[in-house]
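Please find the structures below.
Heads up, the next two complexes both have subunit A, just with different partners, subunit B and then subunit C.
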Partner chain A sequence: MSGTRRKALLKVIILGDSGVGKTSLMNQYVNRRFSNQYKATIGADFLTKDVMIDDRLVTMQIWDTAGQERFQSLGVAFYRGADCCVLAFDVTNAVSFKSLDSWRDEFLIQASPRDPEHFPFVLLGNKIDMEANRAVSAKRHVTMAQSWCAAKGGMPYYEVSAKEAVNVEAAFQAIARDALARESADTSDFPELENNINLNENNRSSSSGGCNC
Partner chain B sequence: MKRARGIVALRIPGVSARLTDDGDDQPTDEYIPGTLAIVEKATGVFIEWTPQGEDECGWVLADEDSGHTIPSLSPKPVDASSSSSLPSSGPLSPHSRLRFSVDVNDLSSFKNVEPKKGKKGHPCIRLIAKDGTNYVPLYFLTQSTKDFIDVLQRYVTLRRSAREHQLVLVVDEKAEALAQSLSTLDQNGDIMGRFMHNPYATAMTGLSKITTFVQDQVIPAILDSDAVSQEEKIRAMRELRTETDDTRLKISREADFEVVTQLELPPRPDIFRESPVTQAVWSSFKHSDGSFDQAKSHHMMMNVFRGGVETELRKEAWKYLLGYYEWSKTPAENEKKRAKLEKDYLRMKGQWTSISEDQESRFAKYVVRKALVEKDVARTDRTLKFFAGDDNPNLAMLHNVLMTYCMYDFDLGYVQGMSDFCSPLLYVMGNECDAFWCFVGFMQRVHANFEKDQTAIKVQLNQLRDLLMIVNPKLANYLESHDSDDMYFCFRWLIVWFKREFSFEDTCKLWEVLWTCQPCPNFLLLICAATLDRQTETIIENKFGLTEILKHVNDLSMHHDLDEMLTSAEAIFHQLSASQDKLPMHICEHLALGDKSVVGTPSGDEDDE
Partner chain C sequence: MSSVSSDVFFDDEKLQQGADENFVEMEVFDILDQARRENPALTRKEEITIAVNLCKEKLRLLSDSDEKEERTLRQGYLDKLIQLGLEKQTIDDEDGEKEEIVRVRGHSFVIQPIRGRNPTCEVCMTTIWKLMHAWRRCKYCGLRTHDKCTSSVGRMCASSLVTRRDFSLNMNICQEQGLAAQNYRCHECAHPLSFEESSTLEPRLCDYSGLYFCSSCHWNDQMTIPARVLHNLDSEPRPVSRASKQLLAMIDNRPLIPLAAANPMLIKLNSSLKRITRIRSDFLFMKCYFVSCRSARQLRILQYLCRHQHFVESADLYTMSEMRDIVSGKLLEEMEDIHQVFVKHITEECETCKGNAFICELCTDKQIIFPFSDNVSMCCKCLAVYHHKCFELRSRFCPRCERRSKRAPVDIDPNERL
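On to the complex of A and B.
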């Protein structure tokens, strides 16, 4: 009975400075659990979670990477084929907000998605449970994040707490829904083949599913 | 919330998950009792394991159908719009994170380990998913695994691996499905033609090499099935290519035109670990004045290499192994050195502890480093009693040692992973000064791992690939054809010397072996090769690709057998050493074979049991 079922795979990459809470967010979403015993991430790993999105069974494959900058260069092969990139910063740490641009750029360079202009990013501002320690006042912060998102083509922004499980589920659900919508909007897996093909063009035929070459 | 109901096809209580955590000062092997079930649901057939105490209550029994029915087990699959109503959103029992549910369609294989004949123990099953995920090992305490396997066979076809008898594979019926979907080729016929002209895809699939069967049947079918991701499609195509490549195993290195046909290595010798060096043995090696002469210190290194040191001896022995104390010096001389270095430590510690908040406001580089250290101290081995709890003074010590190291080597500063190296040193030494100088000694060996350009790590990964080409060309070729010959999946192993793969105690054992630099300087690489060697069939027969290999290797964490790894690595060393005249130059260089400054195969009396 399960043979006919079709399951979509959504690959989601979480990027952001070390310590912003990427590992905590992933675990909160997948395992509904927060622990202050997680270790700093070395290398890359993923967890999967099956969810129903509008009667469609979807496997979310959520990739957690190291925020330590110098470790990034080696693990970028795994950015490829991402369906969505989640950028995370820590609302109590202004530096982590400033780094967002370079995380986004780095992703676009390494993942080289087909349509970088419209590649789905989502911004998460984590640790809102530490309201009192906010680097900038809560209100200003939201404004800052929102205007940054607006400048990036209307990137959705969520304020979350991995610790208190605030908004995490909702944010990831929206991510899944959005990525899925784009997926089905794609008319063909090989859109660049629809028209005349230039054989010499070094065209990366990776659609949203992508490949790792 | 939509309630997914299910029919329980099999339910076996008395199936325990084995938790091998790094959570204690002593390695703990804990069996968590629970229930294994195979459940038919509207969304598929699931294998589910639930720890005792939360089983059936988590499965909220449904009242429909005859017999027992069970709704879905979170976190799989849930109605996404109603997260708040999930049973597991409440407080969870400590072991609930072990609970799992896996769709049989996502199952790639399982390891079925029976206890050795005549030995006590329980049969064990460890499920491996198609994405490389390894689930927690399950031990059948009250019955054999037969019922489980029988019932599972109702849903999937199983085949025991011919090469590795513990591995049971779920036979992929995709081939059949692919053939079936040929009928839909018409819709996509044109795409197929264009696809064949896509140079990118063509290069990857090596279409020139594949058989007509593949061209005619498989590729169109792959293209057709939109349920599989792009990555999967391309991987499937690559696999087809590998199958044709498999027959021509050879090593060719275009870079230096070194072509080696597969090298016959002599059989691997049996190696046994010895017992750890005791305080008594250690003392007996010393001269009457408490120093070690060169021969004795070398002999001691060999002993440590073969068995490690007793826990109680670590505090003394590690100081020598890390070059903080000198073998040739008397205890009084070493003590004098220590007193001097202690002053030095305090001087450097004073340099940062005296930075005022006002200074900090104009010292951004320093503030960033401090924040990094603080963040990592809070995340280093916190499950260990030694570092557990808030306001633990040992956390402050770890912080002080790492901050002082920043002053000692400001050019490097603090890089993640360093706290992993420091924590066992502090644990064993128990004080900042000794931990610091041992850390300095350790960092001398691994400094390059943390440098900005990461060249050292890339070099090591390349050397590992070279070694694997000799030790296990089959696996090396497989990795190459699956985009994994950058060996990135071993990155974590190398950068922190397996700290994340072993219990704390085993990490200590491994490190003291490695500090001896026996039997060759790059023994760590041989350990990596030996560890991968053991995974050969699992990786190849599960047809793992880039993503899956990484996941599988990550999931081996805390499930390695250290003694086995060490003895295999040593055996491989002997194999290579015995064939060094036939080995390519670069391999000899990686292992410093033929280099007289490192004693390779210990000859004569020392080697004999």
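On to the complex of A and C.
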């Protein structure tokens, strides 16, 4: 495997409470469409979008998930192999901010990434078009979100509006660029090791024949 | 494996709307039920008038407050009114353009063309010579009579019987009480019966109802008996009365047979029934995958179920035609084919469905597993799936539930955090 050729597929997962606008963000980014109508997402499904990042064609596979517990997809195998996890909250809804910790934990446990400390998360504060209804004053809000991000290993924070397409394109571009940079860093650091790990894993599963627990 | 109810994925709002519709339906049903009891010869048009009056009265009584409950209820009555109005119009149209429909005992008799074989009139038992006699057929149950005989039909329409809310199939195997219990008379027309040699009085036993009939009301038609197929997997057709035959024909494709509930032992002992039951429980889980999968919706994958759509509504009811196919082995074959298509979509072909799979949290195995995989267990609270052995080893401890319980719904003012 050559050091430069890596999969040009980026898998992005969007998590957050119901109604914060996960589906709207994805639709705005992928289809440039927005609807005021709320339709709860059932289960988890993805859309793809091809983007150019510095002369590279990258396919983004964006998984939209259900915020409502009773509509959440049965299994979350799609967490595995994610390149980035987008946490979303609604700047006019304080509870949705409170839940961020648990969404992050849930992701880390189920996805079990190799290096959880440095796994790329991005925080999106959505609905900034509803400035007047903000749960806290805009300024305090930014501080609060930023300090939470800092406490979680410095994850980037973007304030966006799916409705008015504010910052949505930019945020997802940054997400792609960030995940891509990390990937190439990964491969250039340990190109040999990566191959070995894969080999060993194959050996293990073929010799044990699946779960022997 | 614990079972999951198929409505895990249903919308509350829709359920609420459904409940209100049902409430209106139930009220209408009750008042019509009562009216029918008082006057069994009620025509559908008369029924509609009664129902319309009920809805109008209820609407008058409802306050015009803007409470959500009142609003949906009001909408329920309005919708019903519209529906009734349309139905009345259709009846009027039919009545107007064709020869009128004769309505007797729940039947809707329509004049028939002269083509085809000459049938027997169910009232006077003589042949209907189509070229000479005008004749009618009930558009719901198929009962045939001379035009002049329709008014003397004594038998209730099987179709209106089975649509009654209190309708249930007889699930007891032919409980014959003897002719004396019927005063030596036909159960339907009260014609005298006797076991003595004269053939016109010959009593005929109906295996479905356990009652005796005269030869006019019992033509020795043979039908599979629900109770016998349910309790003994005996699908052998047996003689039944005309009324029973018409009723059984009517319900042949309705899911009314509660196999597992009525006969759990049978399933344990019969390997193909065991497999059928397992596939049906798999179907319920698979439906959970399909409702959140765009490509499954586009492919209309649930249409593969054809006449078995009810398989993804509940886990236990079968139709009579399915019961016969269980006995012949045809149903299992058919189900295996559908199962294969579904499994292939979810576990091989579809990225989305594969994404919604599980990875056992209790071990390091990375293979994806599904609620319908072999050797898995499901947490009955959060529906997480684990390897059966892993789950038992941990005494059925569910880490996902544990996490969810910690995620108590706290309403903390975000300002506190600053």
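We take it that the second predicted complex is superposed on the first by the 174 of 213 C-alpha atoms of A that agree within 3 Å, B and C clash if a C-alpha of one lies under 4 Å from a C-alpha of the other, contacts with A are read in each partner's own complex, and residues count from 1 in each chain.
In this section, a residue touches a chain if its C-beta (ideal position, glycine included) is under 8 Å from a C-beta of that chain, and two chains touch if they have at least 3 such contacts.
What you see is a predicted model; the values in this text were computed from it and never measured.
*Asks:* A:169 in the overlay: touching subunit B, subunit C, both, or neither? Say first, second, both or neither.
*Replies:* In the superposed model, A:169 contacts subunit B only, not subunit C.
*Asks:* In the overlaid three-chain picture, which partner chain does A:32 touch, first (subunit B) or second (subunit C), both, or neither?
*Replies:* In the superposition, A:32 touches subunit B alone.
*Asks:* Check whether subunit B or subunit C contacts more residues of subunit A in the superposed model.
*Replies:* B
*Asks:* Just subunit B (first), just subunit C (second), both, or neither: which does A:53 touch?
*Replies:* The first partner, subunit B, only.
*Asks:* State whether A:42 touches subunit B only (first), subunit C only (second), both chains, or neither.
*Replies:* After superposing on A, A:42 lies in contact with both subunit B and subunit C.
*Asks:* Answer with first, second, both or neither: which of subunit B and subunit C does A:74 touch in the superposed model?
*Replies:* A:74 contacts both subunit B and subunit C.
*Asks:* Kindly list the residues of subunit A that each of subunit B and subunit C touches, one partner per complex.
*Replies:* On subunit A, the overlap between the subunit B and subunit C contacts is residues 40, 42-46, 66, 70-71, 73-75, 77-78, 95, 205, 210-211, 213.
*Asks:* Quick check: in the complex, which residue numbers of subunit C touch subunit A?
*Replies:* Residue positions touching the partner: 8-9, 11, 285, 288-289, 291-294, 351-352, 354-363, 365-371, 383-385, 387, 389-390, 393, 399, 403-404, 406-407, 410-415, 417-418.
*Asks:* Would you mind writing out the residues of subunit A in touch with subunit C in their complex?
*Replies:* 40, 42-46, 63, 66, 69-71, 73-78, 80, 94-95, 97-99, 102, 105-106, 109-110, 135-136, 140, 143-144, 148, 205, 210-211, 213
*Asks:* Along subunit B, where are the residues that touch subunit A in the complex?
*Replies:* Touching subunit A: residues 2, 40, 42-45, 75-81, 83, 86, 88-89, 92, 97, 103-105, 131, 133, 191, 194-195, 197-201, 204, 223, 226-227, 229-234, 368, 371-372, 375-376, 378-383, 415-417, 419-420, 450-454, 457-458, 483, 486, 488-489, 491-492, 495-496, 500, 545-547, 550-551, 554 of subunit B.
*Asks:* Touching subunit B in the complex: which residues of subunit A?
*Replies:* Residues 1-3, 5-9, 11, 18-19, 30-33, 36-40, 42-46, 48-53, 57, 61, 66, 68, 70-71, 73-75, 77-78, 81, 93, 95, 165, 169, 173, 176, 188-190, 193, 197, 199, 202-213 of subunit A touch subunit B in their complex.
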